[in-house]
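Chain IDs A, B, C and D follow the sequence of writing; residue 1 opens each chain.
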Amino acid sequence: MSAPESTARVEAFSDGVFAIAITLLILEIRVPHAEHGLWAGLLALWPSYIAFLQSFVVILIMWVSHHELLQMVRGVSYPFFFANGLLLLTITFVPFPTAILAAHLGTPEAKVAVAFYCGTFVVNALVWNLLFWTIVRGGLVRPEISADTIAGVRKAYYAGPLVYLLATVVALFQPIVGLLINVSLWVVWVRLGYRSEGKVREREDFSLPRTRG
Amino acid sequence: MSAPESTARVEAFSDGVFAIAITLLILEIRVPHAEHGLWAGLLALWPSYIAFLQSFVVILIMWVSHHELLQMVRGVSYPFFFANGLLLLTITFVPFPTAILAAHLGTPEAKVAVAFYCGTFVVNALVWNLLFWTIVRGGLVRPEISADTIAGVRKAYYAGPLVYLLATVVALFQPIVGLLINVSLWVVWVRLGYRSEGKVREREDFSLPRTRG
Amino acid sequence: MSAPESTARVEAFSDGVFAIAITLLILEIRVPHAEHGLWAGLLALWPSYIAFLQSFVVILIMWVSHHELLQMVRGVSYPFFFANGLLLLTITFVPFPTAILAAHLGTPEAKVAVAFYCGTFVVNALVWNLLFWTIVRGGLVRPEISADTIAGVRKAYYAGPLVYLLATVVALFQPIVGLLINVSLWVVWVRLGYRSEGKVREREDFSLPRTRG
Amino acid sequence: MSAPESTARVEAFSDGVFAIAITLLILEIRVPHAEHGLWAGLLALWPSYIAFLQSFVVILIMWVSHHELLQMVRGVSYPFFFANGLLLLTITFVPFPTAILAAHLGTPEAKVAVAFYCGTFVVNALVWNLLFWTIVRGGLVRPEISADTIAGVRKAYYAGPLVYLLATVVALFQPIVGLLINVSLWVVWVRLGYRSEGKVREREDFSLPRTRG
């Protein structure tokens, strides 16, 4: 059986897209009008700051998750390329719902804006599942990763779309609550990361070869 | 005979350009006016979503193709640098016809917009041929790549400009059909990729050294 | 004890964010109105040039500092990922206060604009301290780095928030002086860099293994 | 004597900045008004296409030159970091004079626009000299590079600011001629590149160790 290709270039490309998407977020915060004074103008941008912070942290966490996920992978395949590409599509899309959120969080349209924002992440969370499925079905998981670890990650990945869907529906009635559910997912992702880091550590104790040094 | 230089830095630069071009696409989708409600405003952006999706997938496929192509290459030369640079020029140009497409797909000017969009890819497809020609003529193909593989890739590359030209001409009369021909090329490129992946796999069975590990 | 993970991918991602943030700064300088002639329009943009130059140099220095800091680190941990992410947040934010500075440096609102600009770097300097604390507390410092070197870096890091806070307060009364304090910090950071370079050189004399070649 | 640090991370950062600056150029070409038809609108953008093409090729050539230059370098120093950073500053600045050129090439202000554009490259060419001086004075040139090669590169670098200054002065009277001088420099840089490539090839024939594989 031929060895699958290394993940190096797909990681470099993905890192580039994550880095650019996270940095473009700031372009959505525009210089405020200062007719009531610059302090007032800067303060009035609070929805932009919230939207920026929320999206920055989410993309950062997803970059870390992507990093963790690729450490479980022993190589790449063609379907993996496209599932990963689809994931990157949902990441590069984030600045748009972020701008919508920033423009409408302080208005009566906040319900629609938050629902649209959360809905974007329903799609994103589904694509994470697709990517994971592609990895597992394509036999790309490193042999030293246990079935238990895979089952644990899968369970966490299943939870994603459901919680984001809940946030979307709730946002249509209570936008602030919808947004808070979204924020609460930071904790889920970070804890998932810690758990998989634990697994990776264990793996390293067996002195297994690493793709990158 | 001196060994040609490794492809590492040209890949890193190209990856950067592909990653940025694909991520800048989202900047063309602007926050909609919400005078008829935000949902209505978001729905009215459908041409932007189509243009974004189409260009994202095309750039993604081209990145994968570029990746595949460089795996056939044993080194770089000065003409290769500039042919590759010209290719990157046509990639960085994509956000502009994408914005044209988004702005005019739902208007009577759709014919011009789709023709301009498809015409951009006629040029792009010609430059792919130039790059491939530079590689083959410059003796940069890895020795283990068979003449059959090269002939297969060349045939596929020849088809590109012709199909895009067809799409451009058709678009002037039937913009939707022109756009659909463009979309149908996704399949061509992806299949070409699968085929060359097969060749690369075969090559690896001979345990040849790889530029990147 | 298991070896901590290499810093390679976190460096690549951070480099990407630094490179993008520093390059986006130019987007804030817009083509001037030329009703009084183009030379006059170009000259009237002087606050934009100052803001661009100031922010470019600061981000450049911080990239170098980040580089130096990561050379003291033997690996990464999960808290490190997030402290580093928070640092990147404050870096990607820079184009916004830069635009504020450019828009208001020549107006009566200059006080607010400079204070906001300097205030941003108070937060940034605090996050540098957090990152350094995460590294030291997480046991990520290379064993060959002496306690003296660590104490020296920490002292310099402590000074950052205080000087930026001073600049912020002064700016509320004398914006130009506030800005000049900010500029004077270039010297501090650069000298800090030189000092740590000296230490790194010493380290290399012991022929220690390097993460990157 | 301790070995100077490898150029790997400074190359990665520089590549990022070059790649982003070259890709941002397209953002300056805006969707045209189509009141006289979209074809007419697209045609009226001819100054934007010329400015885009000119700046794209110049940045591409400079990226290749940077690449060639760093192959002559055996390591980096702290002054090198800042001279390189200053060079990157002049590269990231390019989208601004490009936008000025695009906005005014077809107007009576073309003289000022072309002179400003060319003047930018006077500064850029001076910084190339500074960077080269930093390398030579800092003892960072690889020992196998001959004094002849260094003298040849220096001569070419000296020519840069003079020709760009000529282009700037000429542009104030004959903008088209100024721009053509600018274009003619493509040839100079490319030939310089070929020449230094020849030198690098020779060097490789001695089977010297390479920083990057």
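Just so we're on the same page, a residue touches a chain if its C-beta (ideal position, glycine included) is under 8 Å from a C-beta of that chain, and two chains touch if they have at least 3 such contacts.
As the structure is a computational prediction, the values presented were derived from the model and not from experiment.
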Equivalent-chain rotation between subunit D and subunit C, CA atoms, steps of 5 degrees: 90
Numbering shared by both copies at the subunit D-subunit B contact, with half separating same from different: different
Chain located farthest away, centre of subunit B as origin (C-alpha): C
Chain centre separation (subunit B, subunit D; CA means) in Å: 26
Rounded Å distance between subunit B and subunit C, as computed from the means of their C-alpha atoms: 37
Touching two or more other chains - residues of subunit B: 12, 16, 20, 24, 27
Subunit B - residues contacting subunit D, complex: 2-3, 5-6, 8-9, 12-13, 16-17, 20-21, 24, 27, 78, 81-82, 85, 88-89, 92-93, 95-96, 99-100, 103-104, 109, 112-113, 116, 211
Residue ranges of subunit C touching subunit D (in the complex, touch as defined): 11-12, 15-16, 18-20, 22-27, 29-31, 34, 37-39, 42, 52-53, 56-57, 60, 63-64, 67, 190, 193-194, 197, 200-201, 204-205, 210, 212-213
